Structure formats: structure tokens, C-alpha cells
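Several structures are given next for inspection.
Shared between the two complexes below is chain A, which pairs with chain B and chain C, respectively.
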Partner chain A sequence: MTSYLIRRAVYGFFILVLVNLLTFALFFFVNSPDDMARAQLGAKRVTADAITKWKQERGYDKPLILNTNSSGAGVVTNTIFFDKSVKLFVFDFGRSDQGRDIGYDIGTRMWASLAIALPVFVVGLLVTVTFALLMTLFRATYVDFWGVVICVAMMSISSLFYIIGGQFVIGKLWSLVPISGYDEGFSAFKFLILPMVIGVLGGIGASTRWYRTIFLEEISKDYVRTARSKGLPELRVLFRHVLQNAMIPILTGVVVVIPTLFLGSLIMESFFSIPGLGSYTIDAIQSQDFAIVRAMVFLGSVLYITGLILTDISYTLADPRVRFE
Partner chain B sequence: MPTRSYCLIALLAAWLLAGCGDGVWNNPYRGGDAGANILYSAFAERPKHFDPVQAYSENEYAFIGNIYQPPLQYHYLKRPYELIPYAASDMPKPLYLDAQGNALPEDAPADRVAFSEYVIRIRPGIRYQPHPAFAVDAAGKPVYADLTRERLRGVHTISDFRQQGTRELVAADYVHQIKRLAHPRLHSPILGLMADYIVGLKELAATLQKAAKALPSGAFVDLAPHALEGARVVDRYTYAVRVKGKYPQFLYWLAMPFFSPVPPEVERFYGQPGMAEKNITLDWFPVGTGPYMLTVNNPNRQMVLERNPHYQGAVYPAEGAPDDAEAGRLKDAGNALPFIDKVVFSLEKEQIPYWNKFLQGYFDTSGISSDTFDQAVQFSGQGDVTLSEEMQARGIRLQTSTATSVFYMGFNLLDPAVGGYTEQARKLRQAITIAIDQEEYISIFRNGRGLPAHGPIPPGIFGYREGADGINPHVYDWVEGKPRRKSIEAAKQLLTEAGFPNGRDAKSGQPLLINLDTSQTGPAAKAMLDWYVKQFDKIGVQLVVRATDYNRFQDKLRNGSVQMYFLGWNADYPDPENFMFLLHGPQSKVKIAGENASNYANPEYDKLFDQMKHMPNSPERQVIVDRMVDILRADVPWVWSWFPKDYTLRHGWLYNSKPNKMAHNTLQYLRIDAARRAELRHAWNRPNVWPVILILLIVALSFIPAIQAFRRRERATATQAHATHVAAEAKP
Partner chain C sequence: MIKPVMLWTDALVFLLLAVITFFVWTVYRHEHLAAPWRKVGHSASGMAALVVLSCFVLIGFLDTLHYRVSIPGKDGKTTYAVEVLSALDAMVGPLRTQKEKTYSAPLATHLFAKETLQGADGREIREFPRLRYGGAGLKDVRRDHVPDVLQRAALGLGAGLLLWMLPVAWVCRRVARRSKSGLRAAFLSIARRETQVPWHAILLAIGAVCIVASPMAALASQYHVFGTDKVGQDVLYLALKSIRPGLIIGTLTTLVMLPFALALGIMAGYFRGWVDDVIQYLYTTLHSIPGVLLIAAAVLMMQVYVENHGSLFPTTVERADFRLLFLCLILGVTSWTSLCRLLRGESLKLREMEYIQAAHAFGVSHARIMIRHILPNVMHIVLIAVVMDFSGLVLAEAVLSYIGIGVDPSMNSFGSMINSARLEMAREPMVWWSLAAAFSFMLVLVLAANLFGDAVRDALDPRVSTRKAVPAAPAKAAA
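Let's look at the complex of A and B:
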């Protein structure tokens, strides 16, 4: 297992190198450091001197990949690529183009993202698996039929509609929770209810249908027939045997998401004014703060690769027959 | 029910009671704030800078305008805008000097004036907000002067410094800030401009640049040893600024945060090792003498301004514009400012939640987006704007004002097709200007919130003319007491005279194609751009829209490869010079990356500009401005588009509100009836639980038949169950 994990980590490292090269090329060949300087210095009265000074201070006046004016290791290290991209591998995110410490900002904001993403993930998973099992339990009845119809309808609706509709109905019409906002600590709870409800509702349609398909496939297998013939109640058959044996496809879609929960949701955080990493990324894109965008793309890649490795590990826990080779 | 479940329910109930103490459940603020003298506002975008030497955007000025105290300010109520003293004890008058330093009379011609000296006296007794940089020990030494990284270990924000102090504002603080304009590590957007005026600023910038290079990276750059020839301390409360030539607009700059005081010890405090790494900088935690101080700076969630306990002496104005008394805006005359204790700015990135929270009473003011326009505003048969019945029922008030801004569609005068100064070129541009129906544009895309522009100067700025005198005769006729756009036939005639009959080149027969470069993309922009294509099509000209990203668009402007483009300008100060310079030849975008993106250059206009910019507002100046506007109208470097009109809504419990496009210290004038607000919030936000109960009940009931069927199946014998199963499987 250890050698397998090491091998996966090495593969992951090379994927990160590629992602890093690609984002570097995108950011620095499509947008020059001059563009970044202008974006930060504003639209009014920007002089060439100010641009030069801005680039000098942030190290954007160096050559992109090779510094032929340097000697020794400086040829490689005294470059924008080394400063801005290679250091990401040791999680040195540096400072944003506005001068703030990116690592500090990420550390502060990820908790807000997690505060919403984690409950949505856990509650959403529980609700959708339960609904799917119920639909399987009541298969070929009106519950199953209307369940599928409702699921298809729900998955056809844009997530933006859920957000705006939810804010209007639950926040404004019924006045049950604040429409948007955030607070520290325990006071954050009342702000999280609405995004949580909307997040769960928005995911019910697609996930329930997916899990229902998995369970229906599983329920026609021999071991289920055996369990029933032993006289086990249907609920026990479903929740004990079917659910356990359907874990592999469920884990494939679920575990990979867990590490990326830290990154938050771009739209949700923006509409609910939740100061997480999703809105951090959106803000950075809007203000053309490429230092932050680079850091977030890199972090996203790291977390996604971590998620894939965790998925593999989870297979062995869910099904002892799975072995690493 | 298990004991654990009871505990959970009890906890939930306790939370509900604790969180909803004011009887409403959707209050986004803490329950204890209900009824407090707090103004609730919002911000959509995190401000980039709070350092007054760098800040230059509206969303930054919304905060620091209320924190810093420049020597001058704009009168809150009077229109046209009038400068009055703020920290200064009186209005400074320039002393004109010749090259030898001899005093010249007030009416000395600009070419004789080598320098203008502004001597500014500030009021004694003004004190800074409490701040750790001013904290001193028993011996009078600063408590936080020699901080080490070790001592900063437990410090994460400015409030982690326990001790605070204050001190009196002195003239040296203003001089220090003027020197900071040349600071090599700060990027003052006005350094380039001010270096041309303030004596010695350019040289100081070069000296400081060298000094900074000699220091280790990030080390504190001490400005104290470096003198600035053009700014000197006269005495404790007086300083003098010397600018080159005659520059009457300098007074307007003295009302902007760029010329606010910054105490040297504050800069030294923030410049200590380890502070920047913790994001504790002047750019994040401003220090001023104004009515408010920033006590919470969490742009991820909330920013809070609280009353500066040391701010005193300011009173509400006793006179204003003619309609102010009638509107009740003079009732507080003579009362001490500020009225409001605290201003809470919450992050609200999207318009729809902002609007809904405004209607719930959780924000005191709101703009009107196009999504909510019809809900908020209606037009009467006479075209007057009134509030909708829903808004009126809530006691909401509407305030409209014309912004000191201009939006235009520019021609690149260097372009061989649409540029040039021949009669044909002018006629082509005039034809296009007539064809683009700005009135229709304002109606469709701005919900009527704009005024068609007849020149570059917006209303409210000296030089703007109303009525028949103010119309652009090349585009409009004055008919029945109002301007009427010339007909498309007139535009087509001009196009024919320009050598493009029916939109085709008279010589080659080729259709006339004009490229419009824009960074506006997306569905909303598409509708607008399609509309422009149709306007050009009315005279047979083909408009090709070249959508591009903002950076490429700026590149194209700089290298002059555009034919037409969209831009706008917000006034820095209420003077025609601040608009006319956008077409001043030496400001050419292609030549010096200036603000003249049309690269317009007319020797007569340039000469008049140089003359006009040195003049005080007077009938003579108006004559020159009129002539300049006439030249522009004839040359048509821009399609004169529109001046935006701002519609602002405020709740009835907010008093003294008046749009002021120039002043940024306006929060101190606002007053709130917090009790009335709490009462209405309570009435508007009663929780409705029954729909949720109903939905849960319906869902639960809908499961009953299924559960019964399931139980029947569970109790059935194997044969019965098999029969049911086969029947179910047989269903399509």
C-alpha cells in the first residue's frame, strides 16, 4: 500500500508541475506584468514610471523563465517563474498583488468556506442517500414515480434560481432567516441555515437519481435475494446490505470532493456574502489579482489530487477485496 | 424520546431565543444593536487602499473621506459646489511670485507668475483618533517604538496593542504627507501630476528612489532627513506649499485625501519589522482626525466606522441650496457633528439580496439597479419620476442627482478613416453623432437615468450651459423650447458631403466599415452593442464590434489602433479644466499615455485650454469655455453621449441626506431615528412559520399510503409478495 501511495504521490507531483506550467503560461503570456500593474494601479493617471516601480517592487521586472544576466543557479532562480510558481510547491503563496499575505488570507477564509460546505456535504449526502434508498424501497410505486419526476425537475433548475428563490421565499416572504451575511463563531449559525437548505435542495435531484440507479442495480443481485429468502426485513436488506455493497460507486463521487470543500463555492459565497475562499477567488479574478488566482488554482489542484488518492484508500476500507498493486 | 434529543431541542430553543431577542428572526445584525444610533450601509467590493496617498477610488473614499481631515472640504448643502475650510482655519489665498521670488498682484497674468504659494493655517486643538502609535510611557517615550518580531508574536491586528494615545494635529503632519506623494514604495496616482506642480517633488522622488535602493528590501524609508523645497512648515499650525506657475485648481486638490495629515510616528510605527507581514499597515488601518475612525476592518465581512471621541467643533451648516429649507435639511443647523455613533458597512456583493434587505429595513439607503427599477420607480404621464406605491407605503424617499461624470464614445483622431481635421472628416463624425440616438439609449439602457450630453462639461460644473445656449447646434435644433435631434436625412446629407453617399465610398464604391473596440461583453452588453450597430445602419454605415478583454483594449488605446471606443470620466474636482483636459493635445494617449484617448489636437483649443485653466471662474472664463466647447462640437472628437443621473432611495427614518458628488465626509451630517427604524423592522419582518409546517405536513401525509403498502408487503406471505412483485414489474 505504501509503495502504491508513494507512486500516486509522485504522479500527482508531475500533474501539479504541468498544472503549474500551464497556469504560468496562461497568466504571463496572455497577461503581461504591465497589464497586472495597470489593473492594480487603477484606471486614472497611471504613468509609465508608476508601472515600472510597481513591477520592480513585486519582482515582475525579472525575465519570465531564464535570466541570462544572472550566473549559476540565478539563471533559473532569479526569474518570475521561480518566484511566483516554484515556491508554490512549498506552499509559499507569497503576497497578493495588493500586498497582502495570501497564506494568511487562505488560512482565515477557509473556515467560512468549510462552515457552509461541510454541512451541505454531510446533510446533502445523508438526505440524498436516504431519499434514494426510500425510492428503492418503494420502487414501482407512486413514490418512486413521482420521486423521479421531482428529481428530474429539480436537477433541471439552475442553482442560481434556488439561491434567488430561496432568499426571496425563506428570507424575505417568510422572514425566517437573514437573506445574507455572516458572523463569527456560534452567531454564524443563523446565516448558514439558508445556504445550507439551498445547497442541499439544489443537489437533491441529480444525486438522488444517481444513487437510486446504483441501489436498483445492486438490489437485483443474488446476495439480496439470499438475504430476503433468509427472511430479513426489507429495511434491513436495504440499509445494511445494499448500502454497504453500493459504497464503491458512492465513494468514487464523494471522497474526491472532501478536500476541495475547503475551496468553497463561488456562486453561493458571493450571493450569501460568505467570506470564504470561493468569494476570495472571484474577487481576485475580478480585480485581476493574479497572485491569488495562481495560488488558488494550485491549491485546487493539490486538493483534487489528494481527493483522488483518498478515494483509492477509501475503496480498501469499504471493500476488503480491493488491494493496491 | 431519549434524553439526548430533549437536550438538543432545548439547545435549539435557547439559540432561537438568544438569536431572535428582538422578535425578528431574519435580522442580520446582532440583537443588541436594535434601536442603537447606527447607520447600516454596504460595500460590494473590498477597497484596495486606505492610505490617503494611494486611495483614489469612490469605494475607498467612502471610508477614508470620513476618517481623514484635509485642509479644505466641500460645503455639504450648497450648489454649485463650494470649497470651505475643514482642518484649515480659513481659505488659503495664493501668493503669486515671479521667478526672482518677488510678490505679484492677484490679477497678474499667468505667464508672469513663476510660483504660487499657498499658506495654510490649521485650527489649533484638533486631535487624532486614539491609536497605539501615539501611546507614550511615563517618560513620554513611545510605547511601541522599537518592536521586534518577538514582541509581535501575539499581535494579529491593531486592536491587539493594548495601549493607545492621541496628540494634537500639527502643520508638520501635512508636510509629511505631501512628501509621502514621492515615497518610492507607495504608488501615488497623482505623483506624475503633482511632480509637475509642487516645487521639488520630482527631485525628492528621485532622491528617495535612490535612498530606498540602498536599503535592504522592505526596510523603513525615513522621509524626515529629506526636505521638500515646495512644502515647508511655517510654525506649529501653519505650512506653505509652493507650486509652479498659476494653478488655481490646487485648492480642489487640498480637499482630497491626498493632502490629509499623516503623522510621521504613525508611519514609523507601521514601518517596524514584522508589521507588514501581519498586514498591519497604514493601508489597512488608517489614522485620522476626522469624525469617524475605522474600528473594524474585515473586508471579508464587515467594516465599522465609529465616532472619533476627539473630533469636535464641527456643526451642521445653517445655509444651503434654495430647496434645502423646504426639504427640512436645515433643521439641524448649528448642532454638533457627527449625529450617528457608528456606521456598519456589511459585505453585500449582489444586488438582489441588497435590495431585499433594504426593503426589510436592514439597510438605510439603496441605489436602484435595472432589475429593481420597475418595482421602485414609475413615470407619470408627464414623464416625471415618482416612487412606486409600494415604496411610498414604506415611507421610502427618492433622491435624484446628476453625477459629475461624462460617458462618451470616442473617435481616434489619428485613424485615417474616422480621424483627421478635414471638413469631410468632421462631417462624417457629425453624421454618426446625429445617427446615434442618445435619448433612445438613455430610455432603453439607463431606464431614463441620464441626460444627453451636448459637450464634455456635465451640469453642476462651471462652464455648463442650459437651455438654448447649451445645445450642440451640429446635432440638435431648438424647437418649441427644447432640443430636437436632427433628422437622419440631415445625417445622410452630411455623410454624402463627407464622401460616403449611402454609406459607400464615393470613389471606390466600397461600404464604409467602422470598428468599435470595447471591453464590454456578456448578454447585457450584446443587446447594447446590437443597438449601436442599428444606429449606424440608419445611415448605411456598417459598425463592426471588436469585443476584447480590458487589458487588450487598453493596449489598443495606447498604441492608437482603435477607431472608436467607449470611455467615461468622473470628476476629481468641480472645474471645467478637469473635463477639458481629456481633449488637450499634450495629453495624447498615443504620445504620452495621457488621458486624451482620442488623440485630439487642435492648436486653438490647446491654447485656450492653457489660458482657461489658470483663470478663476468669471464671465471671461465662461467665454473661453464656450469657445472651446464650440471648437469641440465642430471637430467632434467624441460622440457626445450622456451624463448619468443617480437615483438613491432612503428610508424615512434617515434625515439630512443629500447627494454630494464631491464631498466624501458626508456621514457626519446624517441623522437617524433609530426607534422608528426598530419599530418598522419589527412590523416588516414577522416570521411566518406556518408555510414550513404545511409543507412538512404534506410531505409526511403523502408517504402514508406508501408506508401502508410497504407494511402490507412486509406482512405478506412469500406467494402474495411474489404476485405483487410480478404485477409491479409488469407495469410499463
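Let's look at the complex of A and C:
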């Protein structure tokens, strides 16, 4: 088990290396630092001095990969590649193009993202799994049929409409909660209700249907018939036996998401003006801050790979039969 | 005189049409390929969804036929206007040209906001100004507005119902001829849902389209059915124009990613060993980058590139088109990995089959085995993925355009409509019609795509078809 996990971690590291190389190529070969300076400073009437100054302030004035002017290790370390890409591996994100410390920003903003993403995730999971189990209970009846119809209709609605509609109905029409905003500590609660409700609602359609197919596949297996013939009530069969046996496919889709919850949701946070990493990324995209986008790409991959490893661990916890060689 | 214009995405659409035609022809000639598709044809919801989808596809296709209008020059030479129009623009004519000053509500005759006007006696009064085009033919606006709207709607409805009679009559005759019974018996068997092909669902879907579209068309000649937006453009026109980018992203993305996913997926599963390792490494890496972030990074870089190489894209249309194509490419890069994994798994299974071993024994080359023996047997996975991905991509377009990394701002799309609607919702009183138009068009399109996708999956996926009990066909099946 341990050696398997170590092997997975090493594999993850190599994936990160390729991610790093790809983003480096994307950000520095498609457009040279000069091009980016010109785009940032606006228009074509930029003097060469301004470009040099912009590059110098942000540390883009070094050679890309090999610095032939340096000596010793400096040939490799005194370059853009080392400064901007290799240092990501020790989570040294450097400064944004506006001059802010990205690492500090990420550290402070990820909690707001988590405060909204985690409840949406947990409540959403509970609600959808329950709905799916109930639909399985009423399988091949009108409840099941209309449940599927509603699910398909709900997953055909863009998430943007859930947010706009929810803000309008709950926030504006009924004035139950503030439409958007955020606060520190416990007073954040009233700001988080609306995004939470909308986040859960928006995810119901697709997930319920997905879990329903998983449960339907389980329900025709022999152990279910055995459980029923023992005289167990159907609800108990579903919520204990079927749910436990359907754990592997559920975990596959679920656990990998958990670490990426830190990244938050781009549109949710921008609609509700929550100062999390999602809105941070959106701001960076809109102000064309390449350094932040580069850092977020790397961070996202790290979290995803962590999620993959966690998924493997969760398999062994959920199903003692799973062994890794 | 007009001069046809072929944009990059147009060319790819025609390529896609060619591919589809070839595919349909192949399926038609082979009974074993046609059988699952016949099952799709027997799904009521699937066929109804297909009717609706084809309406959208038709609009999108008309919007793909681009041209430029000629302007007679002074010295006898003809020059062409810079503006690129499409067949759709030509067909809806007045919708495009009849621009109001600013917001106006659906079917309104006056602007949405009060303005200071000069009264008849020269004094300044605050009033809702009359629209330039909305209800322009009315003599007495107060008295005639509502009756006129109702009359036009009723006329449109009547025309729609009449129009609907045509396919109903045609189908009845066809069913009657096939079952060698009378027209009446044929109609009754359709109404009782006894035909094998779900004609009732198809005809109902056609009826719904007629009943909705026809009054809308009747009203659109005189009013703005969905109102006008901030700069006075007809919202219905904007919604119609938004269909093409949505469809393009939904289809071309799959078209551009398909060759990679197919080649790499099959090769990984077939060769195994280091080829498999390399390909897995590649797609795991791409998959581990969060999609939105990768798209954001790539689109940002593309923007910088376009800004610095402005000479490559002389017109705004070409620039917007390039951006759309690029978006398809990058969406393809982020979405081919899951299909590739599925194909690898299936190829791993297939390569152990006896007929592949037999092919080996006969000395068939690797390339030929992969193309002749494995590719046809994984096609169902590809088709299911293509159809199921479509709706998700249409939805993704809206979100990406909202974030600002979607289609070019100069191009109409559902995302940009929703984006502007966000500010309109905050106005008092609220401007709701752009959002309503985008919502209804998107919902219908995506819902139809989802239903059709489900029908295709049910028919093509061997796992689903064995699990589901097929209801016994009625004894009196007519068609």
C-alpha cells in the first residue's frame, strides 16, 4: 500500500513536470515577453523603454531557458524558466503582474472559496444520493419517470440561469438574504445561504441521474435479492446494502473533487462577489494577469493529482477487498 | 450581386456535413449498422427531440452561408461591402435592420424609458417616445395596439395549424399506403400510438414548432417579439444569431478532437507497453489541468497573439471566426481525454478477441487491424460520446463567454446575451426579456440535445440495451 502510494506520488510528480513544461511553453513561446508587455501596456504606441522597464520590474528580462552570460549553476537558475516555473514546485508563486504576492493572496482567499464550496459539496452529495435512492425505490413507476424527466430538464438549464434566477427570486423578490457580498467569520453565514442553495440546486439534475444509473445497476445483483428474502425492509436494503456496494463508483467521481474545492467556483464567486480563489482567477483573466493564471493552472493540477491519490486511498477504506500491489 | 465568403468555421461545417453524409450512406448500406439506428427511430422522445434539433440546425446552417453584398463603384468597378452577411440575415431582413433607440419591451409600441420630448405646442414633456418600427403601421396606437397584436397572433396561429396539416396528411398517406388501409384507419393508428415509428411524437413536435414559430413570424414583421436590447437591436434576431456559435462549438469541438482521441486511444489499447504508457501519461497530464483554467490560459495567450499580429485578421468577422475556431480547438484539447480513455479500455478488450488473433495469424499489418477490425467496433463509443458531449459544450459556451474567455465580443452568443442581461436585471423596473429569450432558446436546444443523446445511447450502448426490457410491440403495428 505505502509503496503503491509512493509510486503514485512519483507519477504525479512527473505529471506536474509535464504540466509545468506545457504551461511554460504556452505562456512564453506562443508570445514572447515583449509581446505580453505590449499587450499589457496597451496599444502599439509603446516605447521600447517602457517594455524593458515592464519586463525588468516583473523579472521577465532574463533569457528563457539558458543564460549563457552567467556562470556555474547560474546558466540554468538565472532564467525565466527557473524563476517562474521551477519555483512553482516549492509553491513559490512569485509576484503577480500587478506586483502582489500570489502565494499570500492564495493563502488568504482559499478559505472563502472553501466556505462556499464545501457546504455545496456535502449537502449536494447527501441530497442527490438520497433522491437517487428514492427514485430507485420507486423504480418503474410514475415517480421514477417524472423524476428522470425533471432531472433531464434541470440539467438542460445553464448554471448561469440558476444563479440569476436564484438571486432574483430569493434575494430580490423575497428579500430573504443579501444578494451578494461576504463577511469574515460567522457573520458570513447569511451571505453563504443563497450560493449554497443555488449550488446544490444546480447540481441536482445531472448527479441524481448519474447516481440513479449506478444504483439501478446494483439493484439487480444477487446480494440484494438475498437481503430482501431475509425479510429486510426495502429502505434498509437500499440505504445500507446497495449504498455501501455502490460506494466504489460513487467515490471515483466524488473524492477527486474534494481537493479542488479550494479553487472555488469561478462563476458562483463572481456573481456573489465572494473574495475566493474563483473570483481571484476571474479578475486575473479579465485584467490579463498571466502570472496569476499560470500559478492557478499549476495549483489546480496539484490539487487534482492529490485528489486522484486520495481516491485510491478511499477505495481501500470503502472496500476491504481492494488491495494495491 | 453578391460574393460568397467562406470563413474557416464555414469550411469545417461543410466538412462535417460531408462526414455525416458519408456516415449515413455507410450505415444505410449495412444492415447490422442500421439496426441500432432504427431503434433510435422508434424512440418517441428521441424523434421529437430530433425534429426540434433539426430546426435549430437549419437556422444554424442558414447562418453559415456567408456572403458580401456588392456596392456599385463610380468607375464601373464593383466593390464589396465590408460587412459579412449570412443567408439567415437575408431571410429575416427587417429584424436585422429595424433598430430602435434603446430598450423596448416585447411587442411594445413605445420605448421602455421616458425621455424629454418636444410637445405639439413646443413645450417639453416627459413621455415614452414612440418606437420607430414597433407597431409602426398603427393609426391610433392606444386603441389599435392590443387588437392588432391579437389579430396577428391569431392569424399566425391559424397559418401554423394549416401548415401543420401538410406533414400530418403526408404521414397519414404514407402509413395508409404501407399498411394498405384507409386514411382514417391510418390516422387512428397514429393517434393511438400504434405505429412502430412514433409518428404521433414526430407530428406533435412538428405541430409545436409550427404553433410557436408561426405566430412569432407573423408578429415579428410588425413588432419586436422579444423586445429590443440596450442599443435597440431586436432580441429575437440576437437569439437566432446566437444559435450558430452554440452549434459550432457543440459539433466542431468533437470534430477536431476526434482524430486524436481515436488514433491515440486505439493505439494505446492495441500496442500496450511503452506506447500505452506514453499516451496515458499525456492524457493524464492534460486531464489534470482544470479545464476552465487551461482554456483561460490558452485564450489569454491567443488574445495577445491576435493583438500583436493584427494584420493576419483584416476584418472583425475573420477575427471573431478565428477566435471561435480556436475555442473549439482548445475545448477539444481539454475534452478528448475522457473519450481517449474509454477507447483505450475497449481496444484492450478487443485485441484479445479471436478474430484479431486470426488477423494476426494471416499476417495482417498492425495499421490494417486497427483500422479495419478495431475502429468499426469502437464506433458506438465514439458516437455516444459525440452526442452526449454536445449539450455540455453548448452550456460551456455560455459560461465561458460570461467569464470573458468565450466567443469574440462582436459575435452574438447566448453567453454574451446572459452577460448583458445581468446588468439589465439590476435595473428598476427590470429588463427581463433578453434573459428570457436566451433562457428559452437555450433550454429548448439543450433539452432536445439531451433527449436525443439519451435515445442514441440507449440504442447504441450494448450495456443499456441488455439491461432494459424492450416492451412488446403492439400487434397492430402499422408502419
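Definition applied: the second predicted complex is superposed on the first by the 312 of 325 C-alpha atoms of A that agree within 3 Å, B and C clash if a C-alpha of one lies under 4 Å from a C-alpha of the other, contacts with A are read in each partner's own complex, and residues count from 1 in each chain.
Here is the rule we go by: a residue touches a chain if its C-beta (ideal position, glycine included) is under 8 Å from a C-beta of that chain, and two chains touch if they have at least 3 such contacts.
Bear in mind that the values here come from a model prediction, so they are computed numbers and not experimental data.
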item: Which superposed partner A:119 touches (first chain B, second chain C, both, neither); value: neither
item: Touched partner set for A:190, first chain B, second chain C, both or neither; value: first
item: Contacts of A:63 with chain B and chain C, given as first, second, both or neither; value: neither
item: First (chain B), second (chain C), both or neither touched by A:103; value: neither
item: Partner chain in contact with A:305 - chain B first, chain C second, else both or neither; value: second
item: Chain B versus chain C as contact partner of A:253, first or second or both or neither; value: neither
item: Which superposed partner A:156 touches (first chain B, second chain C, both, neither); value: second
item: When both partners are placed on the shared chain, which of chain B and chain C touches more of chain A; value: B
item: First (chain B), second (chain C), both or neither touched by A:35; value: both
item: Footprint overlap on chain A, where chain B in one structure and chain C in the other make contact; value: 31, 35, 38-39, 164, 167-168, 270-271, 286, 288
item: Chain B residues within the chain A interface of the complex; value: 15, 19, 24-28, 30, 45-46, 48, 56-57, 184-185, 187, 189-193, 209, 276-279, 281, 283, 298, 300-301, 346-350, 352-353, 356-357, 359-360, 550-551, 554, 593, 595, 685-689, 691-692, 702-703, 705-706, 709-710, 713-714, 728-729, 731
item: Chain C contact footprint on chain A (complex, rising order); value: 14-15, 18-19, 22-23, 26-27, 30-31, 35-36, 38-39, 152-153, 155-161, 164, 167-168, 216-217, 220, 260, 263, 266-267, 270-271, 281-282, 285-286, 288, 290, 293-294, 296-297, 300-301, 304-305, 308
item: Residues of chain A that touch chain B when the two form their complex; value: 31-32, 35, 38-42, 44-50, 53-54, 57, 98-101, 104, 108-109, 112, 137-143, 164, 167-168, 171-183, 186-187, 189-191, 233-234, 270-273, 275, 279-280, 283, 286-288
item: Of all residues in chain C, those that touch chain A in their complex; value: 281-282, 284-285, 287-290, 292-294, 296-298, 300-305, 307-308, 391, 395, 398-399, 402-405, 414-415, 418, 421-422, 425, 435, 439, 442-443, 446-447, 450-451, 454, 467
